[in-house]
């Protein structure tokens, strides 16, 4: 149980390192009859792809996904969907300097303690490159969810101390700036921040928000496999994420019950005829979707790959200084936006298939 | 896949509602040879048990756990451990008033949409009573972890706007006050807050911190089943939890890489000879334990069972007013402390068994 | 992963030994709305119960099953169903003689090598007593399958060299004799055989056949989780089973393709309008049900608990002679009939829930 | 849960159809430090590959496997191993005639009922071609097992009514004839049989035996995940297998307990100091390995792809006649030999990793 699979009925298994010949995924459990082609998946891959602006790593990867199985004449057949992305830009030499040292904040040390051997080229499986396949698999999930009227979107809502003004939220704007910010006025501030950080050789964290709309009431399970529990796992499994919130999140600790219970009213226009007067719960009650928008927030730490020198040890246990050269994102939170969408979509697709509408027996 | 199981190698499955004859759990995968008796489990059950102080629900449940299988002559045999707690105080009449109505903030509505039928007595499976078995099963996990020198403890660090002063942190204090607060000076402030809330018929949220010490480096998996991802799921699966943080948590969004990367130094006294100068990562890097303390925080929302009237709808879709009578905790976060310990212990016990020390092949 | 769970969506987990206070099971994933009461499960438990005739062990166990959760007002709620059977007749003293010895043909030696500790009373988890809970859980599965028009029945078709004449097959007869034989004329021959064996202190094997009727076409998965593969695992997991056949079974090795391919014809009376001219495949093609009857055969070895002396070793590795005293079945295959039905029903209920009817997306 | 994964800790997931661009597998959970290269896997692939003699299908497939991830400098890294085989010989035109018809004995009809859509080219996922990846993944398992002194070998012991003489059994012979027969004198008889069948346009079944030697006592689990239960599933999941036996198999039905209990004696030369005087149990007692050889037999049905005309229906439910043209094996049992080895090795590798040696806690 290497832990490389995710989901119960809509199940994704991935393989691949940043520096091998290719990365891949198997999506098992996608129902037959879903129209699907490579272009459906490529769009999100292009959103995640490095080198799209001067604000992300300049490493060049084509990230062209191929569908190797599971479709016939443009439609899924119900059998596993094999996905493959070849690695094109493997400059292993960039990494030779760190072969003997553990980069602070990276998984170098923990991998070495877990496995005893280490592919020191680019973080191996811990590389953010692994998330490309999550995005590809999540694209299949999004396609499936779309047939149910469910849409999953994410945005960057803060970068360091720069925050959006929610009154200006625009989903259109998200796709029109290199930061996936829903507030156009935040864009130049982010650009200035990143330019400054790059000069300093430093990096910065980010806050992201994922919104799933159109999810009907009743998805999820009551105890361990709660919809929010599975979402928390999905989101926390993304590289560099250190916090996950559903609805009001950490802020509920300071709230009162009289404020936070979302009141309900008869509403013929709402799904199921039941409307809510607020959404503190983020669309999930008792682990099961309520029919409201599902709202998730996540905090992404700044990359630890910085050119400022740091203290560390080498594989022989000796003290060393390290500076991480190479082509790195000053804010990995940017490219985490499509990854967070993908992981959310994987959870929802799984619980869509797990949901069994109440019916007479 | 009703989602009532948790863990891969150390696997817990639970059953039971608040108002049936009994609740139970099966712990499958506990190694043979572990000394285990009912008293080992009862201590944490007593910590979680209602009615222990005037600040929790006055519902009386003995919560006496019985071990029905899996031990012989005081030692585990390697076979599944059956645990049973009988329900003694089932006042179903308390709940008849809400038979036809959905309580806002509760799972009443979502269960009804998921299952089409509803055991309206006390929330059924969504009741916090279900967590008693998590605590019992977590007790087995704690016992197993203790053989590895691992200790899992939790504390309440904020209730509403009342917060601890970390400079006064005392693990001894945690066990000496009814709030599990590590700061004795916070105790009278919490007492006053809860007395005030009870008069108002209101409730309040809480912030908890879990610390696992003694976890060696190398536990966890690199991609989906990361140690932090599994912990996030475990914690978010607890009733009323809306946010989970590892290490610096949500605050990493505003940090810089130069501050947050935990520097490493040779330290003969540290496990593996490697010390860290800080612990922003909360003891987990790339999904794998680093040998530092694992630090988790969680936010627990205020109970939605309050006597202040709220708007809602009934099962016929008609608008109604509702006040939740009965015996409820004004701050469910208090009794969530042993539950958070238990869920953390379950994850760690599982990853202890999943860990395979590097060895020549 | 102690291996005490079975099934994906309809999932059973069991605990309990022959000599502890109780045995139990959790059935997770049963849909809400299924009428279910204890009497539904008791009927098969009584069929499996020892002491029903002079041909089975005279150990007395009431085998009264209690439903502890998952139903409300006579109907399942969708939450896990807790089942409990208390052990009433625990004569541990019977087993003290074999405390230090490994019984040949039993799991004594292998358990000891696996766990290092051993509950020597009655085989512990390897006892046939464990199958009582399979029968109880299988009863829930049968109830669920009945709503789909599916019926699972089994019979004993050979005991040693005594065989049925298939031309006399009667399902009614199966329930009217102590051997579950579908051929009434076989009954006195079996009785004579068992009386003779009991005098000799010996035991005998049996051949069983399970037939599932009403299974629609389309249940199963194509590669690893084939319906026949899951059935083979289910059946082989029953104590003392050493062989499993689907349809023509082992005999296909000597057949020709021209004989064994079941021809198909248009048949308005058949399910789906497609009839078959034979059923060599036993109702499963490519791992998926064809709509024909599913036919399984299994061979059950004679119990190794015999009073004829056998050579063995003790826990110190010394040579010994052993005779198994106590109350044992001369033909454990008899009581395996309801167990084989139960395991078959568990697989079918699981694949019923896994089946997703083809639908436009 | 499309059912395309197998195993718990050593877990294989496959994708790919006979007529897509490629087939692949992910082997997750293989420990780090195992020497592994493509040649290690190619040997068994070449044994399974069609066109190796005039007695198997003349379809030409290079079946060259590539390792895409999970190794570094010739050694496994502990991360998932991606395996890929490209399809080179996809003559889809061969299959156009059967596009509208269901071939009797094949999965055409059941796939259509399950999925509603059908990739009619060569059986899609039900094609024996899918087993190539099982052989590749099984090669990794064999390599891992070899480090524990475990060897898995299989042979064809009967083809139709032609049987081996066990007194002539030679494992060397198995690799020296195109039928994997351990009895050289059987070879010309099989050749004559197949030549005759080919003239008749017919096919024939086969009986195979798998022997795993070197398995220590203690592998397996006691209830559902018994070693024999998992082996039965693994073997029954192979295309065209209809029966599985462990040890004496179906023959135990006619045996007596006094004959079939394998007596034990002190034997300093045997593993654990315990020897057995016979092996009726096939090396497994109570679901756990005993240290003896594990012996499995399986019956493989004759291929249903024959040129003798058969009655069937088409997708419109009309009666039709069908002859399967194309390049087919007259005895698919031959090429099933390396597949049976591979599936056995997958189960054993999984239970090797699941085994936890008894140790003080």
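Read from first to last, the chains carry the letters A, B, C and D; within each, the first residue is number 1.
Rule of thumb we're sticking to: a residue touches a chain if its C-beta (ideal position, glycine included) is under 8 Å from a C-beta of that chain, and two chains touch if they have at least 3 such contacts.
Keep in mind it's a predicted model, so treat the numbers as computed, not measured.
Annotation: the B-D interface is duplicated by A-C among the options A-D, A-B or A-C, judged by over half of the residue-numbered contact pairs being identical. Interface comparison, C-D against B-C: more C-beta pairs in contact at C-D. Taking each chain's centre as the average of its CA atoms, chain C and chain D sit 26 Å apart. Centre to centre, using the average C-alpha position, chain A and chain C are separated by 45 Å. Separating the centre of chain B from that of chain C, both taken as means of CA atoms, is a distance of 39 Å. Under the contact definition stated at the top, the residues of chain C that touch 2 or more other chains are 1-5, 8-9, 14, 32-33, 79, 114-117, 125, 222, 354, 358-359. In terms of inter-chain touching, the protein chains here all touch one another pairwise. The touching residues of chain C, when paired with chain A in their complex, are 8-9, 31-35, 79, 144, 147, 222, 353-354, 356, 358-361. Of all residues in chain B, those touching chain C in their complex are 1-5, 8-9, 11, 13-17, 20-24, 26, 28-30, 32-33, 66, 68-70, 72, 75, 77-82, 84, 114-119, 124-125. Put simply, chain A touches chain B in their complex at residues 1-6, 8-9, 14, 102, 104-107, 109-111, 113-117, 123, 125-126, 130, 158, 160-161, 197, 200, 202-207, 216-226, 228-237, 239, 242-258, 260-266, 272-274, 277, 280-282, 284-291, 297, 299-306, 308, 310-313, 317-319, 333, 354-355, 358-359.
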